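Presented sequentially are two complexes of chain A, the first with chain B as partner and the second with chain C.
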Partner chain A sequence: MLAQTGAQAAAEAMRQIDPDVVPVYPITPQTPIVESFSKIVADGLVNSEMIHVESEHSAMSAAVGAQAAGARAVTASSSAGLALMFEVLGVASGMRLPILMNIANRALSSPINIHCDHSDSMGVRDSGWIQIYSENAQEVYDHNFLALKLAEKVSLPAMVMQDGFITSHSLENLEILTDEQVKQFIGRYKPQYPLLNIEKPVTMGAIQLPDYFFETKRQQIQAMSQAREQYDAVAQELSKLTGRSYPKIETHNLENAQAIIVVLNSTAGTALAAMRKLKNEFREKVGLIKIRLFLPFPQEEFREIIKKAVGENLKTIAVLDRAVSLGSDAPIAKEIKNALFDLSNKPQVYSYIFGLGGREIFEKDIKKVYLDLISKKTDHQVKYIGLRQ
Partner chain B sequence: MGYNQSQKLKSWKDIPPAGLILSPGNSRENKTGSWSNKKPFFDDKKCTQCQLCVNACPEAAINSGKDKKISVNPDYCKGCAACVEACPRKAIKLN
Partner chain C sequence: MPEKEINNSPELTPGHRTCAGCPAPVIVRAVLESSDDPVVVAAATGCLEVTTTIYPQTSWNVPFIHSAFENAAATIAGVETAFQVLKNKKEKIKLEQGEGVFEKQFGFDLANKINFIVFGGDGGTYDIGLQSLSGALERGHNFLYVCYDNQGYMNTGGQRSSASPKGADTSTTPPGKFSTGKTQFRKNLMEIVAAHDIPYAAQASPHNLADLRSKAKKAFSIRGPKFINVLSPCPTVWKFPPGQSSEIAKLAVQTRFWPIYEIENHRLKLNWEPPEFTPVEEFLKTQKRFSHLFKTDQGKKEIQKIQQKIDLEWEKLKQ
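This part shows the complex of A and B:
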């Protein structure tokens, strides 16, 4: 057991993965991941080649080059850094390179703000990366191995999210695996067509015109479906090592719940604590869903969970988003409405926006959402938690 | 006359991942006319085999045989209609 921050947990996982190449550019609040890992490199604890690049665009480009060559590449970013990578994120996924990236979630400018919201990772959700969200440092650590193994199985890149500052800078207890266990679990990276294999030369990243581009994109769609199908097997294998479980959608107290909250990352912990502190008469009426695998979104599992809950008692769902999709519904709310569209017996879905730019959310705020849902004191207007009216 | 391209395009299940090219020298296999929507058709009654279309074709996809009979190679014709513009007899139509 170690006392580590979320950032240190990510760096510790990277130490045990011992990636061949780590091209990275520091940005708040991801910086302590880079700092911790560069100390690990300086101490000679890994064989990784750390490349100090001049920007995040270059960081992701170098990761693409390294991974294409046949190396394992891991990087990390936040906010504007992730935004600067945008072009190359699509190159990584289009070239089917299973790069692993740690994200400490931070608001996007403008106004400039260094604190947590999910506008960065939600802003790149169409770029073909697997997205796994983490509630705390322990999940950050565990999800690194889970994401890497899943990514390499289906040849798609994966990012592991943690809340900037809230998780990345908070000290928590961390249970770690032995180096040998991690090595066994992730195995060796065996790319199908490494660029450096001179026995079997290949051309990567060549132009594809209207006659084949569409077919190549169809393969990527298929790979995302495979990631959804193969996730459980990888998660169960990791579970055997850690004793912790990693369902795509984590449910709490759904039996007999009339109202549930859906949320991801650290606020899931806040919501769980709030739920447990409700008075008995209310507590038995509410539940919580934490989304771990956001992309590929586990639509069918979600639909089945809700179908079962509606069959019991479920009437309303509040979806809490720490990001906005300006001019449209918030990202998670949209996914959930989409997933439930085909259900004949649908619960009401309400969208709540919270925590933009690091605005704090407290247990009392979550409690109020639950009480509003139960007492039906809500409507289909989008609600803003913690905003001065 | 109808055009049959020599290259049959493959399904997404039958091509390498990520648009990879697995063998060198493959530009020979790349039939650049595969993405054209229309091909030129000649009206034999109007055509005088003047060869102006042969010179106008940017892809060298129009040829004339020993009998001076014009033929179009659909594998490389991109349907640009330069031949249509060049023909003084308006004997070529894109279809």
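This part shows the complex of A and C:
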């Protein structure tokens, strides 16, 4: 058991992964991840080589180069850094390179703001990366191994999210695996077509015209489906080591729930605490869904969970998004409405926006959402939690 | 090297779709055939990349990677670093577990020495790729960056770049009633590159392949970042008959428009000095992109300014 911040937890996982190449560029609140890892390298605890690049664009570019070469590449970023990488995120996934990246979520400019929201990772959700969200430091640590193994299985890159400052800078107890356990779990990376194989030269990143491009994209779509299919097996294997479970969609108290909240990252913890503190008469009527695997979005599973719950008591779902999609519904709300569209017996789905730019969210705010849902004091108007009117 | 051998260069095979008369493949072959060790090539988005890698075909018979326009130097930095790490791993595994174990575990063997080379056009080097080039030079990666400088965005139809010379008619600096073509002089990339204190930087021309080859050879013998800037006259956008690329490159050097020189450990050496003065007009008049300059008084004044700048730069090089 170690006392570690979310950032240190990511760095500790990276130490045990011992990636070959780690290109990094500092940005708040991700910086303590690469600072912690720099110390690990300085102390000779890994074989990794860091590249201290001059921008996040180059960080992802160097990661692409290293992974294409046949090595394991890991990096980390936040906010503007992730936005600057945008172009190369698509290169990484299009070239089918299983790069691992830790994200400490932070708002995007403008106005500039260093605090947590999910506009950065939600903003890159069409880039072809697997996205796994973490409630706390322990999940950050565990998810690193899960994401890496899944990524390498399906040849797609993966990012592991944690809330900037809230998780990245808060100390928590962390149970860690032995180095040997991690080594066994992730195994040796055996690249399919390493650029460094001089005997079998390959051309990577060729130009594809309208006669081939579409098929290549189709393969990426299939790889994402495979990631969805293979996720459970990888998660179960990790479960055996840690004793913790990693369902794509984590459910709490759905059995008799009339109303549920859907949320991800650290606020899932706040919501769970809020739910548990509700008076008995209310607590029986509410539930919580925490989304762990956001991309590929587990539509089927989500639909099945809701179908079952609706068959019992479920009437309403409140989706709490820590990001907005300006001019449209918030990202998770949209995903969930989409997943439920084909259900004949649908619950009401309400969209709540909270926490933009690090605005605090408290248990009392979540409690109020639950009580509003149960007492039907809500409607389809988007609600803003904690916003001064 | 005999003509036959040049044409048989196996690294970049024929069948690519560069325009007739484009010197880029000639430059690539001259560089690649100068390496005694295996090579890995990265390219920036541009003419060379799109004409040599049209899926499902490729002209590259050596490992090749293209990622994006502005990140070729950062890409090769990742490749080169991966090589160093895997090489260390291979040696460690060999010591601890014996021969052949690395190959089994990683699924491929690793060469003992590889020359890492980037090819980028002037757009991907002077402009959009300058930041990643600067970063890679500063960090000291072991690679050779070759810029084939055709003085504009030729892959997208000939727009001006910071490498386009003053007075050039490009698709975004067309001459007109109020314009004599590009207003600014071209960026002095060689000074920028040299300011990174790298061990070797050179300028070369495709009309003198022996010189280019010896520069590439020298670059491969030095550890650290190396840079060679090669003029690549573009028949399509400079507008001259495809058979004249070499002749025009030669004129660029003779008129001191494109001096060939090298900077090794801070010492600049001119590799060739024209025995007599040839005015820049001799170079300019071979290409339609400058033809408007000869038609107006203002254009003629521009030519004077171009000549003055060339004289000034030449004096600086001679110091």
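The working rule: the second predicted complex is superposed on the first by the 389 of 389 C-alpha atoms of A that agree within 3 Å, B and C clash if a C-alpha of one lies under 4 Å from a C-alpha of the other, contacts with A are read in each partner's own complex, and residues count from 1 in each chain.
Heads up, the rule we're going with is that a contact is a pair of C-beta atoms (placed from the backbone, for glycine too) under 8 Å apart; a residue touches a chain by one contact, two chains touch by 3 or more.
Keep in mind that what you see is a predicted model, and the values were worked out from it rather than measured.
Novice: After superposition on the shared chain, which partner residues are touched by A:52: those of chain B (first), chain C (second), both, or neither?
Specialist: second
Novice: Which of the two partners, first being chain B and second being chain C, lies in contact with A:190: first, second, both, or neither?
Specialist: The second partner, chain C, only.
Novice: Looking at A:63 after the superposition, I want to know if it touches chain B, chain C, both of them or none. Which is it: first, second, both, neither?
Specialist: second
Novice: Is A:215 contacted by the first partner chain B, the second partner chain C, both or neither?
Specialist: First partner only.
Novice: Quick one: classify A:206 as touching chain B (first), chain C (second), both or neither.
Specialist: Both partners, chain B and chain C.
Novice: Just to be sure I read the superposition right, which of the two partners does A:15 touch: chain B = first, chain C = second, or both, or neither?
Specialist: Neither: A:15 stays clear of chain B and chain C.
Novice: I'd like to know which partner A:96 touches here: chain B for first, chain C for second, both or neither.
Specialist: It touches chain B, and chain C stays clear.
Novice: After superposition on the shared chain, which partner residues are touched by A:155: those of chain B (first), chain C (second), both, or neither?
Specialist: Once the two structures are laid over each other on A, A:155 reaches chain B alone.
Novice: Would you check which partner chain A:106 touches, where first means chain B only, second means chain C only, and both and neither mean what they say?
Specialist: neither
Novice: Residue overlap on chain A between the chain B contact set and the chain C contact set?
Specialist: Dual-contact residues (chain A): 95, 200-206, 208-209, 212.
Novice: Where on chain B does chain A make contact in their complex?
Specialist: The contact residues of chain B facing chain A are 9-12, 15-22, 24, 34-35.
Novice: Inside the complex, what are the residues of chain A that reach chain C?
Specialist: The touching residues are 20-21, 23, 47-49, 51-55, 57-59, 61-71, 73, 87-88, 91, 95, 188, 190-191, 194-209, 212.
Novice: Would you tell me which residues of chain C are touching chain A in their complex?
Specialist: 38, 40, 42, 49-50, 53-56, 58, 60-68, 70-71, 74-86, 88-89, 92, 105-111, 114, 131-132, 134-135, 138-139
Novice: Using the touch definition up top, name the residues of chain A that touch chain B in the complex.
Specialist: 94-96, 155, 192-193, 200-206, 208-216, 218-219, 222
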